[in-house]
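Per-chain residue numbering starts at 1, and chain names A, B, C and D are given in the order in which the chains are listed.
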Amino acid sequence: MTAGALLKVTVWGEGLEQEKPEAKRIYPDGIHEAIAAGLRAELGENALVRTATLEAPDHDLSGEVLEETDVLAWWGHRAHEDVDDVVVDRVVEHVLDGMGLLVLHSSHFSKPFLRLMGTRCSLRWRNDAEREIVWTVAPSHPIAEGLPPAIVIPEHEMYGEYFDVPPPDELVFISSFAGGEVFRSGCCWTRGNGRIFYFSPGHETFPVYHQPEIKRVLANGARWARRRSASVDTASSPNSPAGWFDAQ
Amino acid sequence: MTAGALLKVTVWGEGLEQEKPEAKRIYPDGIHEAIAAGLRAELGENALVRTATLEAPDHDLSGEVLEETDVLAWWGHRAHEDVDDVVVDRVVEHVLDGMGLLVLHSSHFSKPFLRLMGTRCSLRWRNDAEREIVWTVAPSHPIAEGLPPAIVIPEHEMYGEYFDVPPPDELVFISSFAGGEVFRSGCCWTRGNGRIFYFSPGHETFPVYHQPEIKRVLANGARWARRRSASVDTASSPNSPAGWFDAQ
Amino acid sequence: MTAGALLKVTVWGEGLEQEKPEAKRIYPDGIHEAIAAGLRAELGENALVRTATLEAPDHDLSGEVLEETDVLAWWGHRAHEDVDDVVVDRVVEHVLDGMGLLVLHSSHFSKPFLRLMGTRCSLRWRNDAEREIVWTVAPSHPIAEGLPPAIVIPEHEMYGEYFDVPPPDELVFISSFAGGEVFRSGCCWTRGNGRIFYFSPGHETFPVYHQPEIKRVLANGARWARRRSASVDTASSPNSPAGWFDAQ
Amino acid sequence: MTAGALLKVTVWGEGLEQEKPEAKRIYPDGIHEAIAAGLRAELGENALVRTATLEAPDHDLSGEVLEETDVLAWWGHRAHEDVDDVVVDRVVEHVLDGMGLLVLHSSHFSKPFLRLMGTRCSLRWRNDAEREIVWTVAPSHPIAEGLPPAIVIPEHEMYGEYFDVPPPDELVFISSFAGGEVFRSGCCWTRGNGRIFYFSPGHETFPVYHQPEIKRVLANGARWARRRSASVDTASSPNSPAGWFDAQ
């Protein structure tokens, strides 16, 4: 990473949530556009942020697009099953080769996340517009940079444990809900050359992505997950003669 | 560990909390005796459970006692400073040599725990008799064995994040409190040959240690932390000639 | 786990390696039978150890068999692609529901392991009959119990980094090879209710599974990975009304 | 971290190793000056790199110096015991408050590292000028950025397992030695608000710090460990009234 290198982010969304009136009121252009706007505002001229949606050919996620993507943000909810397996394969391969992945809210059930985790990614939920409080438990982590000890989301859907994911490599946030549940709401994993950040706030009927602290989390997440230059080739299992490393 | 080997547990307490009338009512013989009784009931004839207190010579923690201890449970609150540094050194050395350590509630500020963690072990607190819910986030962990997904403690002192400990090697429980805070309430670490389990429920003015699920957690913790036979000698840094391992 | 409860282990092998003369000499009944014999000797009357192979209907891994299996050991090499995806699904589901899984040597490329890891599981290799030394780096771990600091395998196939797996939840062993490579040779992961242990020694043309220390590792691994009783239901994502936990 | 913010590094060394003729030949101004020169070359104008030594008042590590230090690099060997405990306390407090710490080679036995780890930090060693190979096992980690899969150090002192440190939060490098030992040679930990990176290559009688890849590792380490702005106050344990977070 050169300090001045451009961070190229693609925000993928279903582009369907605007069909719900209450979501359309909050996110008139779709949630993906709100996420992208927040990233642009936070990352400034150091980043190039594009959007992509389900309806486009290849869901706007061709090989060319992914080659030019350092971090892919993913928001899906009702149409997980409509995502083409060819595209899912491509996304997974790109993550393993170094592309960062931000997995947002209901995307815990998205196909790429399920494939990369290897578990069921199930959780407990209740949509009662409850207060959620997001607590930082890793103050030195880059994703916590510039944040208060607690982010209060006045109304949100509850997501509760047991969240069926592999133990995160780094646990950054834990949320509580007014009803008493807890949730590991900010989780980091590394897989191959890639880095994955799951962040649970972001239901379509609440203005979560308009909160300044949430924008900051996503921008920090994009910086943390950005593609690195030191990737190893994991696509092959080389038969390596003795002393091969002397010829590097 | 032979399946039938006796598990030798020593429960250490200050033996001072009975001076508070509300604690004496709940724990007439001191908290350490209640903890020990719970362990005896849960572990049965496979365990030998003894108690030790501050006022005794060497705080009842002589080298002979620790040699005969597979797991030391520690409950302290008001008298951390009165624990002799010679005894603290001895406890820390025994943990590094393989003795298990259960660190309970306010013992997050006990001298042995501070020494083994290397951090400040500070936290946020409020003593308002709030509902605490202890959630299992590691269902395959031996310490979660036989427990429900959530343990409800009707009234307890709040302990909240940021809890200044090293990221646990295994995070077993997360608690929520009625006021909205969360806490990593069940944390495992390995240090040298020893295993450490911190469990936060257990304030002296609430009957937490009389709850069946809590007794189960402590018994599971003792089984998990028990001294192992495969210890390595970490007291020295051996200068090892080439091929030393062929002579093992 | 009741102390006296029977540990039910199923050892699965391809049953094809005996077709190589040098493998047949070392493992006349197939590698799976040698692994099973070692487990029986180590675990004694506390265990029931069965074997299963590729050629049988359902590869001997019907739902009934898996229901009666606490730990499944898996050894495959040349026939990964011949394993029926229906059986792979079943194995993965059972692991997520609590069945332990021991993944041995070339089974890093087996279908169940690839699915559970979510990565490519590739590695570097060289089959030059080199000395491998297996070092314990987690002395308090149950899988290291009773082992020396270093296990010397006089001749073995080299497996080297980068090993493309998720960072292990617990790293127990690291191997060196005469040619200079290193390998994370003993790795633990938890996934859902299940526990997975990968152990790399065990190429079919070397008598690795006849070494006493290796038998001990596999027996320790089976004990560590055994099915637990505290499983949560991860097959559903329950919509949970407020206060649901009070009715537990 | 603002992209353009200056990274302030202080390199501390004993300043005694030049008394050995073979060390003086390789590091005529002391090892600390070689480390500092490498950091300056790699980090360029984005960094301000100063040095400090044992003999100065306060070992050149006054409160003012540490306040102005984002990352402290530490190299010590023969004079660990001569480091004033007042300075050790100060260094530890600054790390817990957010200052990064690079711990180099024989500094595994330095007082600040021992205090922060809580273990004995012992290891196995042999000074036979053996080939060491440093393998990357975390390709997406910022400290691995721009490095080859293996760094070959032609001659070095052997450091071998068991290395008695807490399991690293992130394991970046594992070394092999010609004699067959392995070592976790690049380890990351977070403690409080601070980040700690231990890197084992760097014995005073070998030109390790003149190797370009080693300079790169140290520069990457400094960037990774730099002080963050999101620090929490861990020096106190606040009694927090209900709803305190609403007033943030």
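Everything that follows uses one rule, which is that a contact is a pair of C-beta atoms (placed from the backbone, for glycine too) under 8 Å apart; a residue touches a chain by one contact, two chains touch by 3 or more.
Keep in mind it's a predicted model, so treat the numbers as computed, not measured.
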Contacts common to chain A and chain B (chain labels): C, D
Interface residue overlap between copies chain A and chain C, same or different (over half shared): same
Chain located farthest away, centre of chain D as origin (C-alpha): C
Angle, in degrees to the nearest 5, of the Cα rotation that carries chain C onto chain D: 180
Chain centre separation (chain C, chain D; CA means) in Å: 37
Gap in Å, rounded to a whole number, between the CA centres of chain D and chain B: 32
Two or more partner chains touched - positions in chain A: 133, 136, 138-139, 149, 160, 162, 167, 169-170, 180-181, 190, 192, 232, 245
List of chain C residues in touch with chain D within their complex: 131, 133, 135-139, 149, 160-163, 167, 170-171, 174-178, 180-182, 184
Sites on chain B touched by chain C in the complex: 1, 3-4, 46, 98, 133, 136, 138-142, 144-150, 152, 169-170, 190, 192-195, 228-232, 245-246, 248
Of chain A, residues touching chain C in the complex: 96, 109, 115-120, 122-126, 128, 158, 160, 162, 164, 166-167, 169, 179-181, 189-192, 232, 234-243, 245
